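Both complexes below contain subunit A, partnered by subunit B and then by subunit C.
Here is the complex of A and B:
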């Protein structure tokens, strides 16, 4: 790696000097604005209104994005922004999971505001460098790198023509280039996309942290919604921040001792119980692969089924054997839950890096399910290879997995064939074909380039160009609002159908994961119960994104007496921890109810932002029938006993003597009606009209009655 | 290596060791700042102190905890980012935090407390 040569090719386009600031109770009270069209760099003040109404993180991101765009703005217009910020709690080192960055932009997949959260050091180091958030606007002529030196107080925009495109190489190059010495590498974080983000709509952003034990960079992904595609469309090659001197008190919190004690309490809990509970330190999120299979929740063959005989081949035990790390590691200082896992010295069998030994950041559950079982691929090496290439090419593994599963089902149904795929035999289980398709995506060639546009676009293309039945495609294409579903089978949990469908950015599970509460434990039997859960949990979980926090330490570890509390699913002791650390950092005095109201403001703001962009109504909350029940005879027959039983007991329809098609139709009518009733109940609980529009009274009651917000709402009431 | 050893059955909970420790390391008589803790429990007195087992070394993500050439487990305060994971993960509960400091502290087997113990409940042993 000739770093000097790469660096000497840089051309300085703009340089800006700023006063190093000091944080005050979690805020720097300023943000950084950079326009890469004209190389403007300026500072903005954080207003009290921003702090009161939007808190930070994705709250700030959505607020800035709202101000930057119009209802006509498209994802690839120069005025679209990418906003990156942590939040007031972000950067504390004592409480696990406090280093998240939140990234917001108009999405190429959905046309609406997208938010994606990611580990790695960028958000906290940006904050310690003096900025609560970074706004990126405009479009550069040629590839640029933006470098923020948080110790010297300088920001540069540099033309950077020669660095690698793919993140695993680019991240190393830039860490080497901008660190002053080996010791300094831990103070660098790089944000970059990869070659496939130049072509696909599902491009992601990689955020690095330097792993001092391995002496290599690690990659964490802001995966969802194609923000990496926006990044590359702006011709930004990378963002680099350098800040040396991380300590435990840089947030200058109101009550350091309270934060320390709360953090130590959770560290101890993780030390005592993680090995018996979720095994995050040993296995990470992959611990649930076989659990999902056991409950018929692991998507296989494009969500047709929830389990497979071959799941044992990609079980957590298999992956645990491939993880070579000797000690658990976290993606920000102080995360004792340490779910980040890596396979070292992984030898690639395909693609441009074939034969090289690389580090694979993973496997995560979503990758094993999305790249693996959902595509009928039960080969752990292939799953890891797909995982690696998705990351370095900057492709969202969830969108890739779900889209590939859709394409495979279309192939098996004869909707597309070898001529259309350019020779790719996209049967379920064909790992080689999936890998080749991914490499095509990186090169911007062939069928892979098309697949990179995501399911919504593919449905249109297959119908328009290849005469496919659009109704069938809509039934089996697992996307909503343009975003591909994440990897859980929601068919038997109405609440989770709502958890996927009644969301702001599309069907992911960072708003609500209610399957066990609903389907397994039957804790929320009525529509009102489900609606309450679909109010509380999305609001509660939104709060993590306002503050720079990770969700996992909330409920992937629970205190000893949790099951004896009033509301075990909420993990009351941990909710109080969050109240305590928020108050400890900011000096405010909120309680658990006010915490929810903080989220409600931003949640409703995002809903109205969607409406402003032409979406966000009831019609957009509909989900494909594959998410609700059996579309095909094959699916019905695979679980005939279950479905027949439900027809008798729940629907009042006697299945005897009926054809499978008749039974499917009866089941469908029932389940679709259930989803509508759930939608009614949830909208009511959230203070929305039956068309899904937040009412003015509700907005006033939660304090989100800003004039520009009411102006949008009034047009839709 | 020198390790502080304990015979809790001899401890009379005079807390002289705690005073000696905080005076040695923090120049004040404050048991909250002692690297040895005497807990008076119903079943008897408990002496909490570091055994130099070193489990905290692998817990530390920034490699701020190392074993020195004499075998003593030490914290490099400059490298420490104050996460206190080592406090929560110490099997002896012998890594400590005080609100006034942003790094943890622990016993380094200096032996000052031993000199003050009237009963021989604590002593330094070469292991």
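Here is the complex of A and C:
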């Protein structure tokens, strides 16, 4: 790696000097705006209104994005922005999971605002460098790198023609280039997208942190919704931030002692209970692979089924044996949950890096389920190789896995064939074909390039060009709002169907994951119960994204006394922890109810932003029938006893003597009606009309009655 | 017959909590189990007998990624 040669090819386009600031109660009180069309760099003040109504993180991102675009703006227009921010709590080192960055942009897949959260050091280092958020706007002529030196107070935009495209190489090059010495590498974080983001709509952003034990960069992903594609469309090759001097009090919190005490309590719980509970420190989120299979929730063969006889081959035990153990794998300082696992010295068998030994960041549960079981692939090496290439090429593993599962089902049904796929035999289970398709995506060639456009576009193309039945494609294509479903089987949980469907950005489980509360525990039996859960949990989880926090320390570790509480699913002690650290940092005095209202403001703002962009109504909250019940005879027969029983007990339909098609039709009518009734109940609970529009009364009651927001809403009431 | 999470479930003589978990393939580790609203600790799963007509709750604390 000849760093000097790479650097000597850089051409300085713009340089900006700024006064180093000091944080005050979690905020720097300014943000950074960069336009890569004309190389403008400027500072903006954070207003009290922003802090009161939007808090930070995703809230700031959506606020700036709203002000940057019009209802006509498309994802690849120069005025579209990428906004990256942490949040007032972001960067503290005393409480686990406090290093998240939130990224917002108009999505190539959905046309609406997308938000995605990611670990790695960029968000906190940006904040310690002096900025609560970074807005990126415009479109450069040639590839540029933006470098923020948070110790010197300089920002540069540099043309950068020669660096590598793929993130695992580019991240190393830029860490080496911008660190002043080996010791300084830990103070660098790089944001980049890889080669496939030049072609696919499902491109992601990789955020690095330097792993001082491995002496290598690690990659964490802002995966959902194609923000990496926007990044490359702007011809941004990378963002680099450097800040030396991270320590525990840089947020200048109001009450350091309160934060310290709250953190110590959680560290002790993790130390005492993680090994018996989730084993996050051993295997990360992959701990639930076989759990999902045992409860018939692991998507297999494009969500046809929820379990498979071969799941043991990709179980958490298998990956535990491959993941390097006993390393403190936190993606930000002080996170003792340490779920950012990695497989070291992994030898690649395919692609441009074939034969090289690399570090694979993962596998996360979503990767094992999406790249593995959902595509009928039960080879752990193949899962890891797909995981690695998705990351470095900058492809969202969830969208890739769900889209590949869809095209595999289309292939097996004869909707597409070898002629159309250019020779790829896309049967379920064909890992080699999936890998080759991914390499094509990186090169922008062949069928892989097409698949990179995502399921919504593929449905249209398969119907228009290959005569496919659009009704069947809509039934089996697991996307909603243009975004591919994440990797949980929602068929037997009406609440989770709502958890996927009644969301702002599309079917991602980070708003609500209610399958066990609903399907197994039967704790929310009525529509009103489900609606209450689909109010509380999305609002509670939204709050993490306003503050730069990770969701996992909330409920992937549970205190000993939790079982004695009135609402154990909420983990009340941890909710109080969050209230305490928010108040401890900001000096405010909120309680757990006000925490929810903070989220409600931003949640409703995002809903109205969707409406402003031409979406966000009831029609857009419909979900494909594959998410609700059996589409095909094969699916019905695989769980015939369950479905026959439900027809008798729930639907009042006697299945005896009926054909499977008749039974499928009766089940479908029932389940689709249930989803509509759930939608009614949820809209009512959220203070929305039956078309899904927030009412003016509700907006006033939560304090989100800004004039520009009401102006949009009034047109739709 | 017993109630398991408010649904009917076939009871048999001598049914223990652990056997119930095995029958239902309830393998997830973070469980709260109550019989007639009385907590059963994990050390007692093997020895606790469920009686006909009992109201059993097996609450899984799993809320996804």
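Some observations on this one:
One rule holds for everything that comes next: the second predicted complex is superposed on the first by the 714 of 717 C-alpha atoms of A that agree within 3 Å, B and C clash if a C-alpha of one lies under 4 Å from a C-alpha of the other, contacts with A are read in each partner's own complex, and residues count from 1 in each chain.
Assume a residue touches a chain if its C-beta (ideal position, glycine included) is under 8 Å from a C-beta of that chain, and two chains touch if they have at least 3 such contacts.
All values derive from a computational prediction rather than experimental measurement.
After superposition on the shared chain, subunit A has more residues touched by C, the comparison being subunit B against subunit C.
In the superposition on chain A, A:366 makes contact with subunit C only, not with subunit B. In the superposition on chain A, A:247 contacts subunit B only, with no contact to subunit C. When the two structures are aligned on the shared chain, A:520 is found in touch with subunit C, with no touch to subunit B.
Look at A:563: by the touch rule set out above, it reaches subunit C but stays clear of subunit B.
Within the superposed three-chain model, A:295 lies in touch with subunit C and out of touch with subunit B [touch as defined at top]. Of the two partner chains, neither subunit B nor subunit C is touched by A:60.
After overlaying the two complexes on the shared chain, residue contacts for A:210 are found with neither subunit B nor subunit C. Residues 5-7, 25-30, 32, 39, 57-65 of subunit C are the ones that touch subunit A when the two sit in their complex.
Considering their complex, residues 276-278, 285, 288, 290-291, 294-295, 364-366, 486, 488, 509-510, 513-517, 520-523, 525, 537, 551-552, 555, 558, 562-564, 568-569, 571 of subunit A touch subunit C. The touching residues of subunit A, counted against subunit B in their complex, run 93-94, 186, 212-213, 246-249, 256-257, 260-261, 263-271, 326-327, 329-330, 333-334, 336. By the touch criterion given at the top, residues 58-59, 61-63, 80-85, 87-89, 97, 99, 102-103 of subunit B touch subunit A in their complex.
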